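I've put the structures underneath this note.
Each of the two complexes below includes subunit A, the first together with subunit B, the second together with subunit C.
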Partner chain A sequence: MQKNGPVALLFHALVVAFVLAPLVVICLVAFTPENTLTMPTTAFSLRWFRAVFEHPDFVTAFGNSLWLATIAASISVAIAVPAGLAIDRYRFPGRDALNGLFLSPLIIPHLVLGVAFLRLFALIGATGSFAWLVLSHVIIVTPYVLRLVLAALSGLDRSAEQAAMTLGASRFTVFRRVTAPMILPGISGGWLIAFINSFDELTMSIFVTSPATVTLPVRMYMYATESIDPMMAAVSALMIALTALAMLALDRVFGLDKILVGEK
Partner chain B sequence: MSRSVATPLMLASPGAVLFAGLVIVPLVLTLILSFLAYDHATGIKDSWTLAHYVHVLSDSYYLGIFWRTLRLAALTTLICALIGAPEAYILSRMRSPWRSVFLLVIIGPLLVSVVVRAFGWSMLLGSTGLVNAALHAIGLGPVRLLYTETAIVIALVHVMLPFMVIPVWTALQKLDPMIEAAAWTLGASRFSALRRVVMPQVSMGLLSGSLIVFGLSASAFAIPGLLGGRRLKMAATLVYDEYMHELNWPLGAAIAILVLVANLVIMLAYNRAVEARARRMLG
Partner chain C sequence: MGFLTLEGVSKVYGGLAAVRDVDLAVARGEFVSLLGPSGCGKTTTLQMIAGLVEPTAGRIGLDGRDITREKPNRRGLGVVFQSYALFPHMTVAENVAFGLEMRKVPRAERDRRVAEMLALVHLANLAERYPRQLSGGQRQRVAIARALVIAPPVLLLDEPLSNLDAKLREEMQFELRRIQRSVGTTTIMVTHDQAEALSISDRVVVMEAGRMTQIDAPYRLYEQPATAFISTFVGKMNRLAGVWGDGGVAVAGTVLASAPADVAAGTAVTAWIRPEKLHLRPMGEGRLAGRVASRFFLGGHWLLTVGTEAGDILVSVPNTGEEPAREGEPIGLDWEPASLRVEAGAGAAA
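Moving on, here comes the complex of A and B:
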């Protein structure tokens, strides 16, 4: 293995500084005691964190996002696991088309999906409905889950399944007792990626949320376009902290590089 | 392995129904909407028209926004390639604990909401922000950065960088480092080993990274929305304004359809290029 030279390491340090700069600044400004977006120089204060929790809008939006992401990720797993089994295990007419349909939300800009959902929901009278918002999120997160489920299935040793089959287990029992436990890392990794994607989604949601179903990113976007005060930094710092926690959990359980980079 | 068709269809049908109903149907409805006439007093009408497409493709206001969108997305892609490819190469040459630590540092921000990252940049680039403070310290006057195209590109590069690093990194993983060492042993200079051994391997990763970065930048919403201000619009913020402020849904739908078509055309062209390359490499 060759080492990186000093120029390479300097370049690397600059890139890391560039990547971390906005996140670090947010976390510092969130503790300012002032009324403006300034770095805390003399004292640290928690007043803006208190302000967040005294702001019912943000608390409601946070609750909405949490429910939305939890339900959408669970439904997408319930769809992606059987669909993944069908695509991985069987050859049937329309298989490629089906695979393409399930992965299509990845190549359709979220902006276009948002506009399309808005039109559909307006026509069927579903604007502002939480259930339809959940389904729209299911559409955008299912491709991620499906890809991980397919990767888990393709790396699977089939002999354990065949052994169970030979020993007289029914197909559902084979799935429940043999296949599912073996692809569990793929499923739970998929659920978490789906949860995070749904929780962070802005561009599509901004078209289909109503004041009652507004999600945290949409609320934050609206707030940031209207006024900028340190409370926005406090909310952002809380989100960074939550994300860091989720990342640590993901990394402990599966290895984050495996999920994000898709290595085996 | 069962040969029956009923089982896979049963397994996939709940998802298939949902996706047909919530991907194909809304897109077709939006396509139809983009051809419906609109009147500012009475709203959407039942008659068909091409007026929205003609209007959008001939008015210099809209053309200017499309041009800016393409220009900034291309610039973002270029800068991401120039930063992301060397960074992925440096990461791949790091030793064991540092390698995964810094890989996490580079791609971890992907999981932080884009609104948060855009807000961070608006603080850094503001007139009293850190960048201007640093410029002031070395004796340069305040520079107006926020609400400029520069701010949009800086933040887009920040958000898109992981999408460039990941595919290049994946491509580099397939390259045995011993091959590069072999090239040196055989008398190749560092530069020509990089150019003739590493680059061909990386170029596929660069190509797919560029595709993702360009597509996502061209339809980015939060970054131009928060860092471009009200005046510097890109395609996505334009569509949002047509829908939410002008309430001209058919015109907004026409722009959205154009964004979708442009996206698909570029993807297809890229796929063709990748396939042609793969065929050439196989001989």
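Moving on, here comes the complex of A and C:
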């Protein structure tokens, strides 16, 4: 293991500070008793957190986002696992095209996707439909799941599957009892990253949500265009807490290095 | 009629033949090794028997039944993989029980058979551990137990000992042979280690470039290698280039042997002799004079390199408690005429 020199350590510290500082600041501001976005100096207050829950539209939007992200992440896992298996295991015509297609939503700006979906949904009369909103989110989060599933599969010892087969397991049993448990860290990591991405998504969602299906980021954006008060900071702090808890849980169960960097 | 038979089995990968027209008959209860350097087709042959690779041509029979096209999960053979291929998310007991579960063996009987098998491989106290908590030798024994618990007609071992260190490997050779003897399962082992193949097999199959070039008992393979490649691959061997002439085989002007060879006078021949068939004599005696170039002490014996007119010759001297000739000392070499094998040709060894 190579040791970092003092300059490298300072550089790392600055990068970490740069990334974390805004998050820390917004979380602190959320506890202000004032009416403006200021750092609490003398007293801490939970009034802006209370304010969030006194806005039923925020609570509904939070519920929408939670459902949307849960369903979209689950569907994308159901798509990415078989797709990953096919891309990893087989050489077939159109394999690279399929791989490219699944990754293309990463490359296309969400703004462009948003406009495109708005037009499509208007054409087929799906505007305001929750199901179609889910579908649009599935499309943008599937690439993340697919990447992690492919990484997990490439680190998989295929002979364990062969061993299961020689012991009498059918192909499906091999998948259920051996392959799936062995790539479970990749699958759950993929699900969580898909969930977070869907929960966070604003740019595209602005175009494809309706008042009935409005998501939390869209609701926050609409609120922020009218007025900026510390309630935004409180909502942000709640979102940060939720994400951090989810990542912590994932790390405890599987280890984040293992999921994101690959099998050690 | 063999219990497990391969008839004209071939495997071609994209125009390249990995295994060519292989014939083999293994008797029930026999321990057969497939020996060869990497890329000789031995693992492909094993995978075809296991059903993991489909042969391009030929027929594989098991106990009179044609299994050539049968899926691996229907063959019921026990396979031990080089990487052991244990299921990392299952305990030792769950790993071993997997094959029985697939066979829908009732819980009570399953537990009993798993316990029996773990006792056989001396792992009874580690049943609840996970593979990552085991040493290499222990994982290896779990893999063997998992393959044997289903009472397979044939046990297939793919380089089972290659990931173990030298001392453990030797122990496991005895262990493997003990387990195989006590269970009586017909076993085929793939290995590139000639010492391993010789020590535990009933018969050894040598493979070169996709072909089986000799199928014989270990000592016969060692004493009567069928090809120049086998001569040098199995055990240590001295190879001396010479000419068949008046009175015998002349190497660098010295007549070494009068062994009859079915060749015309003046043709090139190659003489082969094992290091342990050579004896040290005082200078001036013996059939060939030389000078000790280097000397290695290997415990049970000394290995000397002796520089002679015929080139450098390896000599193995048993350790009798006394030092043999020192480096630089002139000596003579002698041997029984029958231990020198002579064959026509320049003997292009691999």
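To be clear about the criterion, the second predicted complex is superposed on the first by the 237 of 264 C-alpha atoms of A that agree within 3 Å, B and C clash if a C-alpha of one lies under 4 Å from a C-alpha of the other, contacts with A are read in each partner's own complex, and residues count from 1 in each chain.
The criterion applied here is as follows: a residue touches a chain if its C-beta (ideal position, glycine included) is under 8 Å from a C-beta of that chain, and two chains touch if they have at least 3 such contacts.
Because the structure is predicted, anything quoted here is derived from the model rather than measured.
Under the clash rule set out above, the superposition-derived model of subunit A with subunit B and subunit C shows the two partners fitting side by side. Once the two complexes are laid over each other on the shared chain, residue contacts for A:181 go to subunit C alone; subunit B is not touched. In the superposition on chain A, A:200 makes contact with subunit B only, not with subunit C.
In the superposed three-chain model, the partner touching more residues of subunit A is B, compared with the other of subunit B and subunit C. Using the contact criterion defined above for the overlaid structures, shared-chain residue A:247 touches subunit B, although it does not reach subunit C. In the superposition on chain A, contact of A:170 is made with subunit C only, not with subunit B.
The angle formed at subunit A by the C-alpha centres of subunit B and subunit C is 100 degrees to the nearest 10. With both structures placed on the common chain, the touch criterion links A:92 to subunit B but leaves subunit C unconnected.
In the superposed pair of complexes, A:159 makes contact with subunit C only, with no contact to subunit B. With chain A used as the common frame, subunit B approaches subunit C to a shortest CA-CA distance of 8 Å. The touching residues of subunit B, counted against subunit A in their complex, run 1-2, 5, 7-9, 11-12, 14-16, 18-20, 22-27, 29-30, 33, 83, 86-87, 90-91, 93-95, 100, 102-124, 126, 128, 130, 158, 161-162, 166, 169-170, 173, 177, 180-181, 215-216, 218-222, 225-226, 235-236, 239-240, 243, 249, 252-253, 256-257, 259-260, 263-264, 267. Chain contact summary for the complex, subunit A toward subunit B: residues 1-4, 8-9, 11-12, 15-16, 18-23, 25-26, 29, 37-39, 78-80, 82-83, 85-87, 89-90, 92-93, 95, 98, 101-102, 104-105, 107-113, 115-120, 123, 135-136, 138-139, 142, 196, 199-200, 202-203, 206-207, 216-217, 220-221, 224-225, 228, 232-233, 236, 239-240, 243, 246-247, 251, 256-257, 260-263.
Taken in their complex, subunit C has these residues touching subunit A: 50-52, 71-79, 81-83, 85-89, 98-99, 102-103, 146-147, 150. Interface residues of subunit A facing subunit C in the complex, by the touch rule stated above, are 157, 159-160, 162-170, 173, 177-178, 181-182, 184.
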